[in-house]
Amino acid sequence: MTPSDDIRLDFRRGEQVGLDEAVLCAHKPLPHLLEIARQARASGRGMLFTRLSPEQQAALVAQVEGPWDCCAVSRTAVLGAPHPLRGEGRVAVVAAGTSDAQVAHEALRTLAFAGEKATSVVDVGVAGLWRLLDRLEDIRRHPVVIVVAGMDAALPTVVGGLVGSALVAVPTSVGYGVAEGGHAALHSMLSSCAQGVPVMNIDNGFGAACAALRILRAADRLAGR
Amino acid sequence: MTPSDDIRLDFRRGEQVGLDEAVLCAHKPLPHLLEIARQARASGRGMLFTRLSPEQQAALVAQVEGPWDCCAVSRTAVLGAPHPLRGEGRVAVVAAGTSDAQVAHEALRTLAFAGEKATSVVDVGVAGLWRLLDRLEDIRRHPVVIVVAGMDAALPTVVGGLVGSALVAVPTSVGYGVAEGGHAALHSMLSSCAQGVPVMNIDNGFGAACAALRILRAADRLAGR
Amino acid sequence: MTPSDDIRLDFRRGEQVGLDEAVLCAHKPLPHLLEIARQARASGRGMLFTRLSPEQQAALVAQVEGPWDCCAVSRTAVLGAPHPLRGEGRVAVVAAGTSDAQVAHEALRTLAFAGEKATSVVDVGVAGLWRLLDRLEDIRRHPVVIVVAGMDAALPTVVGGLVGSALVAVPTSVGYGVAEGGHAALHSMLSSCAQGVPVMNIDNGFGAACAALRILRAADRLAGR
Amino acid sequence: MTPSDDIRLDFRRGEQVGLDEAVLCAHKPLPHLLEIARQARASGRGMLFTRLSPEQQAALVAQVEGPWDCCAVSRTAVLGAPHPLRGEGRVAVVAAGTSDAQVAHEALRTLAFAGEKATSVVDVGVAGLWRLLDRLEDIRRHPVVIVVAGMDAALPTVVGGLVGSALVAVPTSVGYGVAEGGHAALHSMLSSCAQGVPVMNIDNGFGAACAALRILRAADRLAGR
Amino acid sequence: MTPSDDIRLDFRRGEQVGLDEAVLCAHKPLPHLLEIARQARASGRGMLFTRLSPEQQAALVAQVEGPWDCCAVSRTAVLGAPHPLRGEGRVAVVAAGTSDAQVAHEALRTLAFAGEKATSVVDVGVAGLWRLLDRLEDIRRHPVVIVVAGMDAALPTVVGGLVGSALVAVPTSVGYGVAEGGHAALHSMLSSCAQGVPVMNIDNGFGAACAALRILRAADRLAGR
Amino acid sequence: MTPSDDIRLDFRRGEQVGLDEAVLCAHKPLPHLLEIARQARASGRGMLFTRLSPEQQAALVAQVEGPWDCCAVSRTAVLGAPHPLRGEGRVAVVAAGTSDAQVAHEALRTLAFAGEKATSVVDVGVAGLWRLLDRLEDIRRHPVVIVVAGMDAALPTVVGGLVGSALVAVPTSVGYGVAEGGHAALHSMLSSCAQGVPVMNIDNGFGAACAALRILRAADRLAGR
Amino acid sequence: MTPSDDIRLDFRRGEQVGLDEAVLCAHKPLPHLLEIARQARASGRGMLFTRLSPEQQAALVAQVEGPWDCCAVSRTAVLGAPHPLRGEGRVAVVAAGTSDAQVAHEALRTLAFAGEKATSVVDVGVAGLWRLLDRLEDIRRHPVVIVVAGMDAALPTVVGGLVGSALVAVPTSVGYGVAEGGHAALHSMLSSCAQGVPVMNIDNGFGAACAALRILRAADRLAGR
Amino acid sequence: MTPSDDIRLDFRRGEQVGLDEAVLCAHKPLPHLLEIARQARASGRGMLFTRLSPEQQAALVAQVEGPWDCCAVSRTAVLGAPHPLRGEGRVAVVAAGTSDAQVAHEALRTLAFAGEKATSVVDVGVAGLWRLLDRLEDIRRHPVVIVVAGMDAALPTVVGGLVGSALVAVPTSVGYGVAEGGHAALHSMLSSCAQGVPVMNIDNGFGAACAALRILRAADRLAGR
């Protein structure tokens, strides 16, 4: 059998639910990953690759013709053209610490690929509350807010109590001891005393962006756009 | 000290984020619960009580003047007037099994209290796929879909791949063995292969409804309403 | 064998470390508990009983001569005379929600038994941030602050970033789903982004009070008192 | 002591239960692994090696005379002759994603070694339901179906509700966050709402193949073959 | 809404996969359970109820016309006529201890309802190995063997090494300390050194019987029956 | 089927390994338990019953002819004659707290039933170190020492560093929060910095006594007795 | 975006709570870490870096002008001038084993950076009780005692029963099996039978030092200093 | 400070409890390890080093004068002279699989260092029961039996039911999926249906040997030797 026997790209999904399939590169053998990129290239559509190791990224860029747009912080790459800009300023990505930037940038890159330019507000964790309060009015301006935090993940509770926007929370795997792997942050977010804060899997910035896109699509639909 | 020393009702939250504080009755001593109901009554506002035990409900209704609107399946009660109807047909609550009805009804009651009448689609788990496919077009008509499931919680993945609406998933504590307590369902939902499916804490139908309300508020704002 | 064969009251501990042994009543068979109370009574010293079930409390009061001072919210009882008042206003007990009152009161009762009158600040969780900010100056006045919270336990992180006092955090078992049993709150507190926030076992209001007493003793010693 | 003191190859098992002992190479020191291969070689029987690291495979091929048949995707090697083909088209191996191919191939290789040629159906996860429905009739043709999936592992529930064949489910360790290590997939499968879906340990494609072989042997026996 | 809004009996499943839907009674509110029984009664088909509490069983028998066949050990009830006997002596249910009898009987009752009469071999745990060895030849006569065990669950490993039949293992929740809830038994079974031993959820005797029925259907099909 | 179909008393074990089978009553249905007692009675041998609920004990004593010797603290009962006294003063049972007495007494009762009279040293936890040091010489006199402790289970580490006897440690389920269920105590004992401290399952006083009996039998054998 | 967009140094915290922000280097991308060091350098303040990998340390020293004071055992570095010495002999850092030295040294370095010179007492685990007893009077002289231990973490219970000072316990990740990662030590400390022993996250020597500094500030304040 | 400030070799322990302190090398920084070896060398006593990485072993042998006796399989080294042979044939070390040899050899080496020569019986797991039964009489000849097993760890239950000797069980970290890390094996052993089987921490072959030595010392003492 060849790698292509193990692959079925799902272009129907984009048509049906309005979100493109993206390629989660972790756990994929390199031959399969290259084959996926070649099929995407041949289809003429843009495709987003997430959780690329440096080795995977180097091999893709070297062996599959681009254009490639790679980002080291978010470990993502875009092959081909992203979607044209459809909205701006509708989503804020708010992150507690510098260490959470990797996940925040994955969300920002996914939104940009889908044509939504978002606002980045990083390093505003509530252990230094003034940092958040300084940016509060700016955050409130956005109808959708993605909140990224690790460790004790106290940020979405405070944001959720101050901001009425639609929220999506993303725990990160930053931390050590009981925080290692992000389970403390996940459980803290799921237990948030603020109302109406749904949560993504640990480090799933991509998924948070997709949830935000679903919300914006629903809003467009309700507005008759 | 008296119970009132331990209570600070937070009416500012409703003004600020557009969601009323509700009272989670589990874990609250009865004297404190009665005091809360009395303060709410005195304020003239409607208030939602969730996770009421039968004993708590009986004591509230007997000792605090109503009007009370109680629901045994969802274990909720409304004291005073709910919000006037602001929307209808914008949210579907889809549940996998009859055993998940309790959580689905908590979401439905919370939405109704806030003035959103929602559509209920229960017992459509994907082990009998035709049940879901029969209702698919109806579900798709709603811009926001709450998906409730226990056990393996496969429903949101199938729905998420077929429906482009904004989604909120709620795991339930239904099940036994590894499913007991709902952790298997929670982990399954957080790991969903469908894109953009944010998740609430186990059994948190109230929170899912609040997340849906945040989305509808965001949509209203984007539509300039 | 009789119950007294299984009991060795440890009066030397109070002399040596300045904290009296207290009796954790959960898990103790009633005959053993009664024997402990009788020995304490015979010794002429006051003794604190914690985590009393209503049945245990009733049996103690009925079968062992007092004076007894019982408190239903904190589930504690004092047999004999508490220590004379040695300090006041040196400890604040700050709790996030009404449901956390039980643990907060256990701490307050333990401090009072040891002769420290503390300040109670309950229902100031950060999902309604203004409630905390309203009380901030009052909290800051206390050199030692015990912070009690369940669920996401975001309170100690915000307090820890705003207040320079010595802190002791206590997670509570309030909550459901991933918050059930208090493990989410415990892990959140241990992962706090605020610096220097040590943590007690879940629901251990008694232990937090003892930690505060150790701090006050250390301060007295440093001040040459 | 020498490595051979620590080894007792168990050829009686094959005679007794109709399944050959295979060698799980992970955790085995290289000297012991080489000694096992040499003893197998000397016995004149074929032997299957699973979970070979690249280093182990290279050392075996270099230091023990073949014939060797190695497969990088499944990380297996066969030393000597496999069993002659006894059946074909009786088992389907159905996998949710490309990342699950490694485990699916371990099952396929184990079946082939035992003389059963199986059908491979990969990348038909239910987040893109049409992929599965397109292949449904083909899957139904097989009396035994092995279902391989990671993450939320929703596939066996949908398959189990649509296909009446004997099923064996295998969770994979593909995923991150709560899915990491495959425990979410395992628990999801064990909690499946579909009836009669037994489950193997995480990534145990070898064991699933053996379970399928047991079923086929039982069928042969019932058919008087 | 009425309970019937929350119920959709799935009679198509039986037609499609050859296994009837059964009713897991735990977690179901009584009004819903009664409604299900009434709909089943009206359909004229037999129906199996599992995990009945004594209160649920009493209410069903009192309020829904029979015939009812109830079993206290397995906590099951059959409403209406079971399937006619289609096979006998094809399945053995082997259980380690007397305490595992409840789960073993759930499997036996499910098989009997489906028309398969099975052999019961209980209290043959391997801590007293002779008990198993005495019954070995009898067990081997059955092409399908269900193995039920709690605690350390060593039984399926020994059986799996001695018996070539198709196997299904069921861990039970019998035990205390690390064995409490059955997780130690589950993990032990999943880690079995015997080959090809698939495992059901804890206490899932019903599911094991369904897996056995799938195997027998597959065998019938292969035999052209 | 009748309960006796589910029971096979294992008298061969006692002959083979020198330890009688005892009956763990938790999880056993009452009809089965009564049948076991009747078979034991008929055999003429003494039998030990452990983890008896008060209801089980009452039913046994009422319905099966004795002599019965029941103990409420250890929740054990002996039916018939215990073994004659074979040794005395060879085992010490050392327990940290009054709450651990239940488990300590289960060990003491098991030893007594087997003919070993042991020394009880209870309430010597190392938070009040002098209590242990006062009894140290007495403990050292015993060649076998069972150490029982819950919570942080620090006792076996201190004893293991001071006493050269053969040790068996038993964690208890006493405690709350992270100590609840005894897992913290179990893990603490397994991680003991003292050398050569093997550990039983949580609350398994019976097993610890059996381990002590095995050691004494081995010693007798080495001494040629 | 550049790394500086993701960074907001929080100098206000030091002013407000009297503890400087320190930089936890684990999980931080190198470009962000270098930018932080440059901003700190530009501010003219001293800054503490913790959990530095050797690669991070080398890059910082090479690319950002010092003075740098690096410590390999504690994996910390100080950039610029530490705080002047404000106290001495007020804190003892007591560690159970040589393997715990890394965490103990992190606490000692943090205290030194803040101007508190502390006493180090290492390798006094209670499996060799005399080692602790030899140093007991010295430890008692310190009003604040930090206790560091891994594995079974029995040390704080013994110290807590013998020493009346304010205590802070730190579990370490030293160990294997159930002790791996430090969770056994954490749970043991949280369950300590000694009274008033608050606990930090695993390996959090930095946080323990901050807690000690809070206590000393509180003492200074009470003493009117 | 220098490494020697962090080290206190505990020679008193050997005198007091009859077991030498050994050096667990994992987690120890190299400078500290070298200093320990030098102090041991200077003391003139033999010392056992366990869990040596290849790098640590090379550094020790190169930098500290011997004689050194190193073993790669068990990852142990002996510095100086072991204890003279005091016993032989009193302990059997029985291991389930070749992969468990590493732990079995650690136990064998520890016994040999202490002067006890033991019998090795490896690869007798109960999935191939005949392998164990072939060696049963040999195993029974030993008054103390150490049983080593990973995965489902069924071996000690079968051995415990057939052999009356004093037993010590050791789980190993061999395995994958739910067996990874050895927790399934540990829990299985703790839940063993065989009576009187105490358990060591995962992979703790050293500790099992020490437990065996304690038993032999107790036997010697009872025999008046």
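As written, the chain order gives the labels A, B, C, D, E, F, G and H, with residue 1 at the start of each chain.
Going forward, a residue touches a chain if its C-beta (ideal position, glycine included) is under 8 Å from a C-beta of that chain, and two chains touch if they have at least 3 such contacts.
Note that the structure is a prediction, hence the values are computed from the model and not measured.
Colleague: How short can a chain-to-chain path be from subunit C to subunit G, counted in steps between touching chains?
Modeller: Tracing touching chains, the least step count from subunit C to subunit G comes to 1.
Colleague: How short can a chain-to-chain path be from subunit D to subunit H, counted in steps between touching chains?
Modeller: Tracing touching chains, the least step count from subunit D to subunit H comes to 1.
Colleague: Have a look at E-H versus A-G and report the one with more C-beta pairs in contact.
Modeller: Higher contact count goes to E-H.
Colleague: Tell me which chain's centre, taken as the mean of its C-alpha atoms, is farthest from subunit E.
Modeller: G
Colleague: Given that subunit G and subunit H are copies and touch, would you call their interface same or different according to whether over half of its residue numbers are shared?
Modeller: different
Colleague: Hey, how far is the Cα centre of subunit D from the one of subunit F, in Å?
Modeller: The computed centroid separation for subunit D versus subunit F comes out at 44 Å.
Colleague: Measuring centre to centre with CA averages, how many angstrom lie between subunit E and subunit F?
Modeller: About 35 Å separates the centre of subunit E from that of subunit F.
Colleague: Averaging only over C-alpha atoms, locate the centres of subunit B and subunit H and give their separation in whole Å.
Modeller: Inter-chain centre distance comes to 56 Å.
Colleague: At which residue positions does subunit A touch at least two other chains?
Modeller: 13, 21, 127-128, 160-162, 175, 177-179, 183, 186, 190-191, 195, 201 - these are the residues of subunit A that touch more than one other chain.
Colleague: When you check every pair of chains, which ones turn out to touch?
Modeller: A-B, A-C, A-D, A-G, B-C, B-D, B-E, C-F, C-G, D-E, D-H, E-F, E-H, F-G, F-H, G-H
Colleague: Residues of subunit E touching subunit F in their complex?
Modeller: Counting only subunit E, the residues touching subunit F are 73, 95, 98-99, 101-102, 104-105, 120, 122-124, 127-128, 130-131, 174-180.
Colleague: Subunit D touches which residues of subunit E in the complex?
Modeller: Result: residues 13, 16-19, 21-22, 90, 143-144, 160-169, 186, 190-191, 195-201, 206-224 of subunit E touch subunit D.
Colleague: Spell out the residues on subunit B that touch subunit C in their complex, using ranges where they run on.
Modeller: It comes out as residues 1, 5-8, 10, 12-13, 21, 24, 26-29, 32, 36, 51, 171, 173, 181-183, 186, 201-204.
Colleague: Which residues, counting only subunit A, touch subunit C once they are in their complex?
Modeller: Touching subunit C: residues 96-97, 125-129, 151-154, 157-158, 160-162, 175, 177-179, 183-195 of subunit A.
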